[in-house]
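Quick heads-up: structures coming right below.
Each of the next two complexes has subunit A plus one other chain: subunit B in the first, subunit C in the second.
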Partner chain A sequence: MNRFAKLLNFELSRFMKLYLVLVAMTIIVQIAGVIVKTNEYMGRANQTIQEDGLSIAQFVEQYGAMSFLDFTRSLWFMGPIAICAAALIFYIFMIWYRDWFGKNTFIYRLLMLPTARLNVYFAKATSIVLMVLGLISVQLIILPLENTIFKSMLPVNFRVDMTIDRIIDWNYLSMLIPQTFIEFVLYYGAGFMAVLILFTAVLFERSFKWKGILLGIGYIAISGIVMLSPVLSMVFLNHYYLYPLESLGLQIVLGIIVTAMSIWLSNYLLNKKVTV
Partner chain B sequence: MKRYWRLIAIVSVVVLTIGTFYIQSAMAANNLPDITIETVNGDEDELDSVVINGTYTVGNGMGEFVELNSDGSTYDSEQSFIEGLQTRPFNERTNQLQEDYRGFMRGKGRNTASYLETEDTLAYTEVINQSVSGPSSDMEFDISVLDKESGETLSFTVPVPNRAMYAQVLVEDVQIMDGALKVFTRNYSKDGGGEKHLYSFDIANQEINGNESLMSTESQDQNTSIHISIVSNSDITAANQFIIFEKTKRPITRGPENNQGIDSEQPADEGTQEFIVYNLETGEQKTLDLPETLSGKRVTDREHSTLYFEGEGNIIHYNVETEQVTDETELPVNGTAEFTRIANGKVYMLTGPENQNNFQRLMILDLQSGDTLYEGEIKPEEPVENGALLDFNGLHIE
Partner chain C sequence: MIEVNGIKKKFGRKKVLKGVSFTAEKGEITCIIGINGVGKTTILNAIMNLTPLNGGEILIGGEKINKHSYEKITFIPDAIIMQPNMTIAESMQFMADFYDSWNQERAIELLDFFKLKEHEKINSLSKGNRAKVNLLLGLALDVDYLLMDEPFSGIDIFSREQIAEVFTSHLVEDRGVIITTHEIGDIEHLIDEVVLLDEGEVLKQFNSEEVRETEGKSVVDVMREVYQP
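Up next is the complex of A and B:
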């Protein structure tokens, strides 16, 4: 356990600088976005009210009051999230390849550590998941802050006030932060599984080089087919026999099978096949 | 410990933030107003069978569904994940059937019109193997009949006759008459035409024994549009001797040509109605000869062989079998009904709000005497927040 914690802390440290840059970028761009978007709206409001001689109430009736969702649907809000997501997806691969292609092939030392090699694998996977959850937490922390800025920027008759819960629920944000804790566990459990599948594919490539690329892609495809098999069977049989709760159970079982298969295969590859 | 500060920092931020968020959203009320039906006068027990559906919207079209009954209101977001899974897509009738006949309902669709439930039988018919884009020549009737007493299910499939002709076949009602399963469908031809069709099946021998086109849904001349729909009971799964089709003809007014050289076609809002009744016992169809007083009146609901027309300040009862006006129910003057349902010998009316400071009202009247049995106001317990709109636009009687 101690070994694992050390490895995990080590993996986190190695990405920490870039990670903090991502966090800072998100905070700065989103907060700037609230200010820009509300100013834009107020500018348009003032202009229309003056040019067309409308009252505030008439303007709001015609053009609608601004809600926080108008901001969350803009690039100011979605852009940083997309960049962070892309960076972490890229890092799922880089977390392995940097050890091979670094200045001094670092993987040598990692794999020679007097600990199970699977610990290295789990430390890398856990650090990815932790960093994703960390970014989600940052978003949860700055949302109330942004909402407060939003309220202070607009006079009350020009805005629709919303609670944080509702901002999340009534938005694509509920894909990242689902409404119930069960869903949260299911979503991020699936995410963890996806990371393990990609790791296995990377290890295939590291073990068998060119042939390994095909094996890796094949493994991703097989995992995908297993996970989607209930949906695929519905398409081909044109009939679906399971009730929703049974489907959920089946999907969880399939997910556990794919996860276990990935761990077992990775363990095998790391111990027997991987070449440095 | 100092060496692990990054790990400790990230883990504590994650656990604290996400933990707080979920604990707080589970504990705190969701800030949506609780809504109750406040009795103005009458017997509250009348409310037991009433379900009112509505929406709560904020700003530009964001919002959620809310359901209201005698126990109060339930918003969509108040459902747990598991509850939501079981009831979505939301269909009260098929949800009920799934609960009562779990084995039979397995793998069956959610189109309520596909079901017939009588005291001793539950029947289901759907047309399977049809896809909107692909070839549809594999279309089959998928039929199941459950004998409630013995618990035995009879299932069989029958190819749709002349299926190469059709692009799509939709089941619109299912009935059983003298051991024969009668399936009313709307058939869309590949050449663009459409018709109302009746298929008949011999249940005991599991074969098709009847196939007739009832009426074309296409207009003969270019200047009218035709729309035919089935007027069903509030509960379309109930048995009925009469199937009533409402045929609406609307003249098409042609606007000036637009810039692509195509003249715009606009069916008029008002049209002429015609009711065609199919008698399952005799297999005959007749067009109702409505008295002058009913022409142009809208049908609000139907119960067995009675059609209820919306008159001026009253509801006119019309029997399709005897083709007579049988009764009238006088309505109290206050409030125009947005939604009217007739069931269990009562009239259920949901009125629209007359102005912004007013609440929607629910009224329950006796169908025979027109006496008000219940009157209530739909009231949010706390005022609806700034910019939000609460609107009830559905009324169901269980």
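Up next is the complex of A and C:
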């Protein structure tokens, strides 16, 4: 196994316990959420039907049947996703800072490994991406299970059945779970680039301390402006010279430039400027 | 040979190293002596490319440090640099995974020498035993040079004796050692070259044996002359 693969394995194993807690929390809370939300709905339905003397058809007509989308818009579904997202964003910073500020300064060991320091950087970035993909996979796996529970909890008259494809398509989930390979490359490429930009900002701070914070924030701002420049030029200059496909192509080229710049700068900082 | 040529280092406006130069040969123990804060650790960090310099250069075997150098030179800082939740065995495995120069037989010999137990977690060890694990992880590499930062700092007398014993054993022989300390007593009889440092400058570099034979002075005598003229 080459050293990059070993480093990646090491980085993944360092976060694995917390990661499994996040996965377990997502599964438990979302499944509990399906049960709670459907019970709530049925409780309200039974009460309304009894108190107002409505038929099932009248109740559904008046209050609407429950669809799986009602559940996906609830805190039970979105909460765990938000917590996982927040944890991973926090971990983008933690993955570096714990090596400097942990009980033992492990950064000494990482920087003294007989391998390119960029391997340490890529191992950390790749581990973040793999963790994101892992959580998305878990979500994809439990969606059909949740849908099955949803159907088993609600009589057919009270629910609107949807396929998993439609659930994803009708929802913000389509951002997390791309429908085409191109979407996958674009969304996750942008995510990977964002991770590298933040890593570069962290390395600026670790190299130049207080000045580095400003440099890091400046780098994030410049990267953001570069990435948004086609959109900004259209909005502010009112120039609509490009077809949507050309605009997308330009965005991809800019993304590649920002990514390459982040890698080059990080390599420079890791080898020439960073201090333990 | 490790050549340190006129290295300069500033932290903010404070000049910590003001053109430090010295050499350290393979097969010799070179001791950098100075009070706290004179830049001893910074020199070791600079040799390992763990902190950028403001001037000068460092050559190891005639070459600037690169990723391959870490198979030839290792640094043993004064605090353990492994994950605290790792066991000693896991730390050894980590080193074996990443370093071609890892010598498992020597690691086991050192484990036995220091009377350490493989299954113990690093965060459960005493300060003395952590220092020994640190030493084990460094000494078990088949490297040409060892850098040690204050290996006797804050540990009990028995651990100090045991660590000092390492310097006279086959575990160190033929290697070049650079050691920093402000507690010279433990190793005075072991060191070959001495670099006296003060306020970021080398005040004197001398061979301890030569000074003993020609001038009849100990390292501590020379230190008194230099630091308390």
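What we mean here is this: the second predicted complex is superposed on the first by the 275 of 276 C-alpha atoms of A that agree within 3 Å, B and C clash if a C-alpha of one lies under 4 Å from a C-alpha of the other, contacts with A are read in each partner's own complex, and residues count from 1 in each chain.
Assume contacts are C-beta pairs under 8 Å (C-beta built on N, C-alpha and C of every residue); 3 or more make two chains touch, one makes a residue touch a chain.
Bear in mind that the values here come from a model prediction, so they are computed numbers and not experimental data.
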>> Under the stated touch criterion, which partner chain does A:Phe181 make contact with: subunit B (first), subunit C (second), both, or neither?
In response: first
>> On the A-aligned overlay, A:Lys151 touches which partner chain: subunit B = first, subunit C = second, or both, or neither?
In response: neither
>> Contact-wise, after the overlay, does A:Ala116 reach subunit B, subunit C, both or neither (first, second, both, neither)?
In response: second
>> Just checking: does A:Arg73 make contact with subunit B only, subunit C only, both, or neither of them? Give me first, second, both or neither.
In response: neither
> In this superposed model, does subunit C or subunit B come into contact with more residues of subunit A?
Replying inline: B
> Thinking of the overlay built on chain A, is A:Thr275 touched by subunit B (first), by subunit C (second), by both, or by neither?
Replying inline: second
>> Looking at A:Gly102 after the superposition, I want to know if it touches subunit B, subunit C, both of them or none. Which is it: first, second, both, neither?
In response: second
> Taking the superposition as given, does A:Leu245 touch the first partner, subunit B, the second, subunit C, both, or neither?
Replying inline: first
> Does subunit B (first) or subunit C (second) touch A:Leu130, or do both, or does neither?
Replying inline: first
> Across the two complexes, what residues of subunit A are contacted by subunit B and by subunit C?
Replying inline: 6
> What part of subunit C is in contact with subunit A in the complex they form?
Replying inline: 45, 48-52, 67-71, 74-75, 77, 79-84, 94, 97-101, 122-123
>> Show me the residue ranges of subunit A that touch subunit B in the complex, using the header's touch definition.
In response: 5-6, 8-9, 12-13, 16, 64-65, 67, 69-70, 130-131, 133-134, 136-138, 140-141, 156, 159-163, 165-166, 169-170, 177, 179-184, 238-245, 248
> Across the complex, what residues on subunit A touch subunit C?
Replying inline: 3, 6, 10, 14, 102-106, 108-109, 111-117, 207, 271-276
> Contact residues on subunit B for subunit A in the complex?
Replying inline: 3-4, 6-7, 10-11, 13-14, 16-18, 21-22, 25-26, 28, 30-31, 58-60, 62-64, 77, 80-82, 85-86, 88, 98, 102, 106-107, 128-129, 385-388
